[in-house]
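Here is the structure we will look at.
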Amino acid sequence: MSDYKTLREQAFEANMEIPKRGLAIYTWGNVSAFDKTAGVFAIKPSGVSYDDLSAEKMVVVDLEGKIVWGNLRPSSDTDTHLVLYKSFSGIGGVTHTHSPFAAAWAQAGKNVPVLGTTHADHAEEIPCTKFLTEEAVKKAYELETGNLIAETFKSLGKNPLHLQMILVAGHGPFTWGSDAAKSVYHAAVLEEICKMVYFTLQINPDNSVLPAYIINKHWERKHGSGAYYGQ
Amino acid sequence: MSDYKTLREQAFEANMEIPKRGLAIYTWGNVSAFDKTAGVFAIKPSGVSYDDLSAEKMVVVDLEGKIVWGNLRPSSDTDTHLVLYKSFSGIGGVTHTHSPFAAAWAQAGKNVPVLGTTHADHAEEIPCTKFLTEEAVKKAYELETGNLIAETFKSLGKNPLHLQMILVAGHGPFTWGSDAAKSVYHAAVLEEICKMVYFTLQINPDNSVLPAYIINKHWERKHGSGAYYGQ
Amino acid sequence: MSDYKTLREQAFEANMEIPKRGLAIYTWGNVSAFDKTAGVFAIKPSGVSYDDLSAEKMVVVDLEGKIVWGNLRPSSDTDTHLVLYKSFSGIGGVTHTHSPFAAAWAQAGKNVPVLGTTHADHAEEIPCTKFLTEEAVKKAYELETGNLIAETFKSLGKNPLHLQMILVAGHGPFTWGSDAAKSVYHAAVLEEICKMVYFTLQINPDNSVLPAYIINKHWERKHGSGAYYGQ
Amino acid sequence: MSDYKTLREQAFEANMEIPKRGLAIYTWGNVSAFDKTAGVFAIKPSGVSYDDLSAEKMVVVDLEGKIVWGNLRPSSDTDTHLVLYKSFSGIGGVTHTHSPFAAAWAQAGKNVPVLGTTHADHAEEIPCTKFLTEEAVKKAYELETGNLIAETFKSLGKNPLHLQMILVAGHGPFTWGSDAAKSVYHAAVLEEICKMVYFTLQINPDNSVLPAYIINKHWERKHGSGAYYGQ
């Protein structure tokens, strides 16, 4: 039987980016790393400080939510991660943080408009969900948070392999990517985007969005079929 | 006779979190650690820089304000700590900082509304006291600051074991907890909450509060009888 | 044949100032160092993290855009640098960052007015370009970004050896200088100026500009014929 | 003949607080240390980076502005320091920085009102001067900046041993104290005060000042005849 060492190490290293990048304090936030073939993901244990974290303390969970490796209780947000792995085929990592500017946009209940190329390099307009209903919160809060994200993407017609971040109203950001490292990269990018848009609208509240042809150009040069960014 | 070594070490370590977490500069701020059985608390000496602090320099004071251990003068805010230990049965640590966002909300004289789950995870709406009266300031400023906090909690019907933070109008934050470490944790959390609410209201000034059922859910999953956060 | 070691080292060291000064995260931003005699410049490779950078990884490009040294693909912004070296005779380094306050002013599409001596010490009012046209974006995006900067300077009658920074609308800052180190110095200065003007206009939205005689005095004491700043 | 070693070391150590406390970048800002008996002060050399600074590089100047020790050119702001030592009897150190919040209040041309006890612990309302006249700038800019500060204090009836900080309109903060270390302490305090007031007025633009009896209490407990703060 596997001890999921590589998967736990990937999850551990990606989790340690959260304090390094200033995306959450103390025990807040969590990253998971998904192994599609094995159908399991490694996730941060609940309420453990980043100072005390190690690959040994990661918890491995299957897609029914059963713990398959580890002695600690997994993150209280585990069911949200689980729904995202089930709903968004092709992703390999999920990150949740409480980074201040992204959390503020989530608390404000506002979509983040594309006002610059830093944003266009990485994402479209970033949606903010509605509040979960009282019924959903009472039924299965974390699982329904995952469903809310998946349904928001479906109703907006968004492709989760293209747009890899969302704000949950009144809560904070969830991001994902092809692996755990990419998901936490997107969390840091989202914070930077949210900070820049915040400053921009304070300077010029009537600011309009970037022209579509510039948005498209930046996306295409980094992610399109003729992409020429990177090695 | 005890030299209160453990208590002084707890107080020292909790005080050192203040500069580490960016909650005050130079000599500002103070944390105390309370030993209920002995009826004494260890507190930062007045006007000593964090760079020069040690467990040896902590001052131990009883609930009449008498120094029972140490050669230095205790924090000028000692009487405020003393009143909180007398008024809020069950707490084991008190922290006072000058962290900028919490101080700004205190200077603005505004309660901090619950706009997100980061806040709901830790607290209800955070009250800001009224200004102390001139009479109270002249009589016994620091002691009356403690009374003001206790009376504000009483008049609002708040439970100090549930809501563990307050803003003193025109002054700054006081927080507490089951021990010194928890009280300074609450000071860092309060600063983060105040920062996020500040940003949120700049983005969306007409923002309404989080639905009560989400606030309750976040509190309950972390602190309720069926709590499932942490180990 | 030269391996451009000194030039690559200058470019490498100037690039490392970007993360050190907090001007961009991950792989964002780029600095180049120009050798006028050889007609080539060394520039950051595209999409390489600052943690992984070395002088060995720099790419040397001539003024036709041909790689003359190095195995990696140069920065996707290489053509913008190239146009600036061709258009602004006498400059020896170019920097592009995504620093948050400068990016916000660029996203807001606003010129940065001279409100203080920190600004006057280094620059005049900092122009923000118009958006590139759709035609220019489709034709040759990065090269046309360089042309946009050069044309903006020409139409405003600005001297690029005097004013060494600009904001590209919806994108971010480009700065330059007599060498690579100076260009990244100007990028850090620009961020500081943009931050100060942002705060100033939040405090006093009706703020008027600094009197011309103070602006001139600060420029002259640092850069004029009778300059007496520095050694 | 003295080599002013102690004085230069005091000036050097106080200057190094500027980058450590984030009060200025690169070569900006300067601190001097005054020896009243000798009638000289040690000051930062002009345009030298903090990374390259040492006690050996400090410049010692007398009250006629003559260099009495050192090979480098003194700070371009030397004449402002000189006027302050001549005008404000009893001070032993002067600091000038470009810290962003203090610079922003100076650029906004606004006095900083006392909205909290952090401010009241250290100062009264902090005045912002008028702009220097064109005549004064042309005559002797730095010397007239010193005169402007001294005249502002005189016309407001302020005591420079009580209020030890000012904002020069469109320029930035000047602070002083009984020695060089105290003057740079006041520069850091001023930045913190300016940041808190900025945040406060964003939260509550109609904020009124702190009651006079609280302002007085905080000043008196720290600096009055019956002060009980510190050791």
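Letters A, B, C and D name the chains as they come in the text, with residue numbers starting at 1 for each one.
Just so we're on the same page, a contact is a pair of C-beta atoms (placed from the backbone, for glycine too) under 8 Å apart; a residue touches a chain by one contact, two chains touch by 3 or more.
Computed from a prediction, not measured in an experiment: that's the story for all the values here.
Engineer: Using direct touches as single steps, what is the fewest number of steps from chain B over to chain D?
Structural biologist: Each step joins two touching chains, and the minimum needed here is 1.
Engineer: Going by the contact rule set out at the top, which chains touch both chain C and chain D?
Structural biologist: none
Engineer: What's the call on chain A versus chain C, same or different interface residues, using the half cut on shared numbers?
Structural biologist: Counting which numbers both chains contribute, under half are shared, so the two copies meet through different residues.
Engineer: Can you grab the rotation angle between chain A and chain B? Superpose on CA, round to the nearest 5°.
Structural biologist: 90
Engineer: Quick one: report the Å distance separating chain A from chain C, using the average Cα coordinate of each chain.
Structural biologist: 33
Engineer: How far is the middle of chain B from the middle of chain C, if each middle is the mean of its Cα atoms, in Å?
Structural biologist: That gives a centre separation of 46 Å.
Engineer: Please list all residues of chain A that touch 2 or more other chains.
Structural biologist: Within chain A, residues 202 contact more than one other chain.
Engineer: Each pair of chains that touch: what are they?
Structural biologist: Contacting pairs: A-B, A-C, B-D, C-D.
Engineer: Help me check something: in the complex, which residues belonging to chain D touch chain B?
Structural biologist: Per the stated touch rule, the residues are 21, 115-118, 185, 188, 192, 195-197, 199-200, 202-204, 207, 210-211, 213-214, 217, 221, 228-231.
Engineer: How about chain B: which of its residues touch chain D in the complex?
Structural biologist: Counting only chain B, the residues touching chain D are 25-28, 45-48, 72-73, 76, 98, 100-101, 103-110, 131-132, 134, 137-138, 141, 170-172, 198, 201-202.
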